[in-house]
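After this come two complexes, each holding chain A, first together with chain B and then together with chain C.
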Partner chain A sequence: MNTKSTCLPTFERFRAVNKAFPKTQEISEIKQRGEKVFGWLCTYVPEEIIHAAGILPVRITGYPREMELEDANAYLYINNCSFSRSCFQMGISGEYDYLDGVVAGSTCDGARRLFDLWRHYIDIPYSHILTVPRKFTSRAHSLYYDQVKLFKSSLEQYLETHIDDAKLLNSIQVYNEARGKLKKLYELRKADKTPISGSETMEVLNASFRMTKESFNKHLDILLDELSRSREKHHGEARLMVMGSVMNNPEFIKSIEDLGGLVVTDELCTSTRYWSDPVVVDGVEPLEAISKRYLNNYPCARMVPSEERFDRIKKMIREYRVDGVISQIIRYCVPYAHDLPLITQRLQEIGIPILSLDVEYGTSGSGQVRTRVQAFLEMLEARKR
Partner chain B sequence: MSSAGTSTKIETFIQTANLLSRMNRSQPGARESRTLYYRMLADYYNNIHRARQEGKLIAAHTVFFPTEVLYAMDIVPMHMETTTWLSAFLLKEQSELLAKGSELGLAPEICSPHRGVAGMFALQEIPKPDVILWSNLICDNTAKSGELLMELTGSPGYFLDNPFQDSPGELDYLIGELKEMVTFLEEVSGKKMNWEKLSEIIERTNKEIDLYREINELRKAVPSPMNISGYLELISADYLFPGQVQAIEYLTKLRDELKSSILNKEGAVTNERFRLMNLFIPPLHLLGSLVNIFDEQGAVSVAEPMFTRWSDGKLDPSKPLRSVAQKSFLIPERRSMYGPLKGPAIPDIVESAEQYQVDGAIYWAFMGCRHTCAAIKVIKEALNEIDVPMLTIDCDIIDPTVNSEDEVREQLMQFFEMLEDR
Partner chain C sequence: MIVAGIDIGSRASKAVVIRDNEIVSSHIGDTGPESVKSSKMAMESAIKNTGSSMEDVEYIVATGYGRVLVPFASENVSEISCHARGINWFYPDVRTILDMGGQDCKAIRCDEEGNVINFVMNDKCAGGTGRFLEMIAQTLNVELNQAGDLALESCNAIAFNTICAVFAKSEALSHLRHGVKKSDVLAGLNEAISMRCLNLLRKVNIEKEFTITGGIAKNKGMVAKISEKVGYNPVLAEDPQIIGALGAALFARDRCTGIKPQGESKIQYGYNDATGDYYITIDQSKCDGCGDCVNICPANIFEIYVKNGNQPKACISEAARNKLSQLCPGSQQCNQVQGNNCSVACKKEAIRLSW
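Moving on, here comes the complex of A and B:
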């Protein structure tokens, strides 16, 4: 990718939030006011409900770099994914000691055991796990809706408060606003020359689950305005999509872009799958609308049938005019590993090359990864000639 | 070429099981239940082998799948994980299957029996199933293996979504899933579900579960009447023939033999020194060596709560489909491996250690089984609280390249020495 980093004031603000996380100034202020902060694991946890209860939901993520995870290895064992272990290492080290609650979904083996051990070893006043079905059927929706209702009433009981529809509708509006603005940000990346790079977009997304949504929305508005006026443009030798396991390290994307590629989109739970699909309150109760959105959202590899996910990937490839796909799968991330032969075949059928990388969470993409990406970019370049 | 298509492996299973059954019968003092066990294996694979000839469909399925439904519909089940386990245990032919799995693009972190299954289908070493059935009980591997297998075999499939927690709503969800699966199977097979037969199977399943509970009680005896391979045979009965006469016959015989051994004060090993709890499954390709090591050292496996400790409850044959769903909440593996750790999983293990007067526990840390390994520390701490030491051995249940017999022997010997010192 040929251009410098974006130097926009609002972008720097997002970067500062990420640098300070998990102990940001905003979180400290919230705690000082005696308000609560909850951590959530996985995109199947409906954030709006936590928000409607007057609590700041923050996404639990791990270290932004590859780390020795000695404690977590002993607790979660070495064969659980490094995302779970990295998050747990931070938890057990007290880096999330301000959390008043942890909420998870039964989404994958790593996530549910991370939740189990968090609850077992880390002192936390409130914890809850939702059963998340793996299907999109009406029966699955009904079960998940029940689970969402159960979560809401559990939270109400814990807080001794009532979360009414007005509060839920307000939260839906705030969160939909964030989704809409992130969508606009992604739209900018469809251009030949984009005002924001893939790694910078990752910074914005990281900030989106570490700030109050109201503040994030305000700042993203300004950033969108700044980007519309920015003269800096990014373009690369190849337009790339990154997909696979949970990954929120801008450095990883940057290492790809430093080699000449431009990451124009992704299929990650920390990125597109976080903001895609609004909650549609259309003749249904707000809580039901929330539950529909979360189960129907751009699916994780855990869901069956996988074709739903594959179709959306192919659609994005067309929309963003992607030349090649980089799949990064964290070791022991079984759902994505099982899907890899299938998605590889689907992409081959539409003539899209795929580079498959086995990584650890937090990797910055150095060494062998760099060499392989370089070779992949050269291959893509050769195809264009 | 057999009537079931390319089924060399199936024929070899049958021949080997029959041979072992005959060898066991000819051994003086050998348990008749073991002969029945090998006969059960031979019957199981004979059913698969004859399926086409008899005009029956073959349904390949993942572990802990409610095959009672298949038996009631006269569809022949083919337990995929057991089939790869047997490749390792009986034939030692797993390396080729795993290599084929890798060739298909399956990462080495994926559970080896699932890589092996994919390899087996790709190599066409087992009959092409008419239908693929899979479920998320017990892990992401079981949840995610079905779609690739459907592509490899060109067979239709059904994914049975098993809920995570135990609540009335989740039970109803599972019943709904089962109803839908029955409809799917009726469409594929062109046959209607035989509800009367399913009720009979449930009736027998109650008997089967009672037999498991009786056997568990008998195994509290000192000296222990069963050795380490005994428990793997024990759990196979429900995996292969749930609610079927073969399982009842085998479990009844085993129960009677255990009763008789206890009455005569005959232990499984001549000089019982160590009463052990086995957690998870030892490497199956090393089973013969483990039996020898345990025998030499006077070690017995007295309890395996993750696989043998059934929950309380009885099934209602007048509500057969509800009972099938309920059974999946009664099986030991659900509590210990699938559901939330907060609950009976850990207390069950601790209580078993106390009830069975366990001297030590061995956790077979199968690297492909992430969710069970994540509980190792919690279990170890809970057992330490009651002064039961736990040895953890990293292993793979079928892949011989992960650890050698010598390594395992050395770890066990050190553990036995430590137990002896205590």
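Moving on, here comes the complex of A and C:
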């Protein structure tokens, strides 16, 4: 693929935010004004509630490279994934020292242990974890709704304020707007020649976790406009989908695209699963609408039945005309590792090859990854002939 | 028509030269610390046997772990595709391939034309690969090329708890101290390694037409153990170690005979160090030899060449190739200073920098 970077000013701005993160200018300005910033850990944490309380939610991530995890290894047992260890390493070395609170969901063990240790070892004024059910039944829904209510009241108690429906509705609107615009960005990638590459899309998504949503929406609007007029087009020998464990590293996607593939879509909690479904306030309380959206959203591999997720993946493969799927699984990421044989079989049934890579969080194009990806692309090319 | 394939593995560098429909020469040498030098040596030795010279070779494809760092190759293809293609030359019936190399093991499935259908590789761990066997042979004070025959003498193989290179070494030593025969230790290790290979093979489905390639396929003890586990006898090429290079040579021949348009050719130059691989790719099919890159580069690394009276093309000058790490700061850095660089300046979008 042609990897000449898109020279769009707005895109460069997103990239600058990511480069500065975790200490961006916007965040330090917010802190100087005496406002609060919260970190969140899992896509099952309803961001709207944090936003409605007047707090900036930022997603806790590691760096886009494999880190030295000396301190984290001392606190976290080795079979915690390298994502949780990378985040904790940054936390314990003070890189997130501006956070006023940490909110997590008890989805996988990695997130859960990370939250426990964060609360225990890192000085943090507020912390909360939501219990997240694994099913989509009505009992699961009422359990999760209770959890969301509990989170809201705990936050209200901590801030000594009241989060009313008007504030919630406003936050829902802001977040839905971001979701809609990200969806538009993805629509552009359905074309034969796309104005934005996969690695660049990842930069945009990373920025969405790290800016105020209002500012992000404004900039994304400009970017969409710039992209519609951009002459720069990306084309690949094969159209690829990336799926698997949490991954927000543009370098990893770039290393795939450098070898001639074009990543057109993904199934990751940092991308599609972050923006896919809007909150629908349709005759229900805003809080209930939020809880419904978060539980029914494009599911994580821990949710059952898995078919819910597989069906969505197959639908995306059709819509984005995907030739092959690259699954990247962080070691000890149990939900995804256990789902792999199942999804491999489902994809075989529809004739889509899958390459599975064992990686660590932050891995980019190591020699082993490159050999596998290159061979996979050659295989896809031979299939086309 | 003379074409060549070169396979820079982690332990050995292999080169194969093909004239029309015949393998005219092959060479196997060690991959030293400088893979560029090893690739040159392997290629030159292989060419020397043919009575031709480097200029006569029309097209060279590189493969293997060091494939991006072969300065004289026109293109690189992954070793997985090359092994499938190479074995297809000898045994078109083969559908399952186990490639046992110096640092990794791969199980490959291919079709009747030698196209890869599926493949798996071992993970980061190099336990049970060529380097591992080398180390164990050293520990036991056995010549590597005799280790296979020695293992066959065993009638009481020791069960190993691990194939972790570090632990297996100490386990082997402790068995020796307790008076266990070397042959039994080797047979035990082969047993453990072949179990691991069987698991890899199962992931791609084993068929009766099955082969082993790579250096370890020359180890009779290992081959015997694997066929015992698999339940089929593998068909072995005369020299299983050169199959990757042969596949690369066959891809090179394809390019020349137009089976796949020659226009796809990309030349790569670069180096690697502890922080990663760095290379510049020049897509020869897009390059029109305009010389914009020559003019823009502050370090003067580009030049225009004309081969066989064809259209002029850009390349990295001979003098700059070995000093690329000092001369070229990479696309981002160069951009900051100049606001422009070779990949931006190239109107045909033929130049790409990996860093």
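Just so it is clear, the second predicted complex is superposed on the first by the 384 of 385 C-alpha atoms of A that agree within 3 Å, B and C clash if a C-alpha of one lies under 4 Å from a C-alpha of the other, contacts with A are read in each partner's own complex, and residues count from 1 in each chain.
Everything below uses one rule, namely that contacts are C-beta pairs under 8 Å (C-beta built on N, C-alpha and C of every residue); 3 or more make two chains touch, one makes a residue touch a chain.
Everything quoted here is computed from the prediction, not taken from an experiment.
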item: Which superposed partner A:A375 touches (first chain B, second chain C, both, neither); value: second
item: Touched partner set for A:C108, first chain B, second chain C, both or neither; value: first
item: Touched partner set for A:A166, first chain B, second chain C, both or neither; value: neither
item: Touching partner for A:D258 - first (chain B), second (chain C), both, neither; value: second
item: First (chain B), second (chain C), both or neither touched by A:G367; value: second
item: Partner chain(s) touched by A:A140 [first = chain B, second = chain C, both, neither]; value: first
item: First (chain B), second (chain C), both or neither touched by A:P353; value: second
item: Intersection of the chain A residues that touch chain B with those that touch chain C; value: 358
item: List of chain B residues in touch with chain A within their complex; value: 104-107, 109-111, 136, 139-141, 143-148, 151, 159, 161, 163-165, 167, 169-170, 173, 176-177, 180, 340-342, 365, 367-371, 373-378
item: Chain A partner contacts - residues on chain C that touch it in the complex; value: 65, 77-81, 104, 115-119, 121, 123-124, 276-277, 343-344, 349, 352, 354
item: Residue ranges of chain A touching chain B (in the complex, touch as defined); value: 74-77, 79-81, 106, 108-110, 112-113, 116-117, 119-120, 129, 131-135, 139-140, 142-143, 146, 301-302, 304-306, 329, 331-335, 337-342, 344-345, 358
item: Sites on chain A touched by chain C in the complex; value: 2-4, 258, 353, 358, 365, 367-368, 370-372, 374-375, 378-379, 382-383
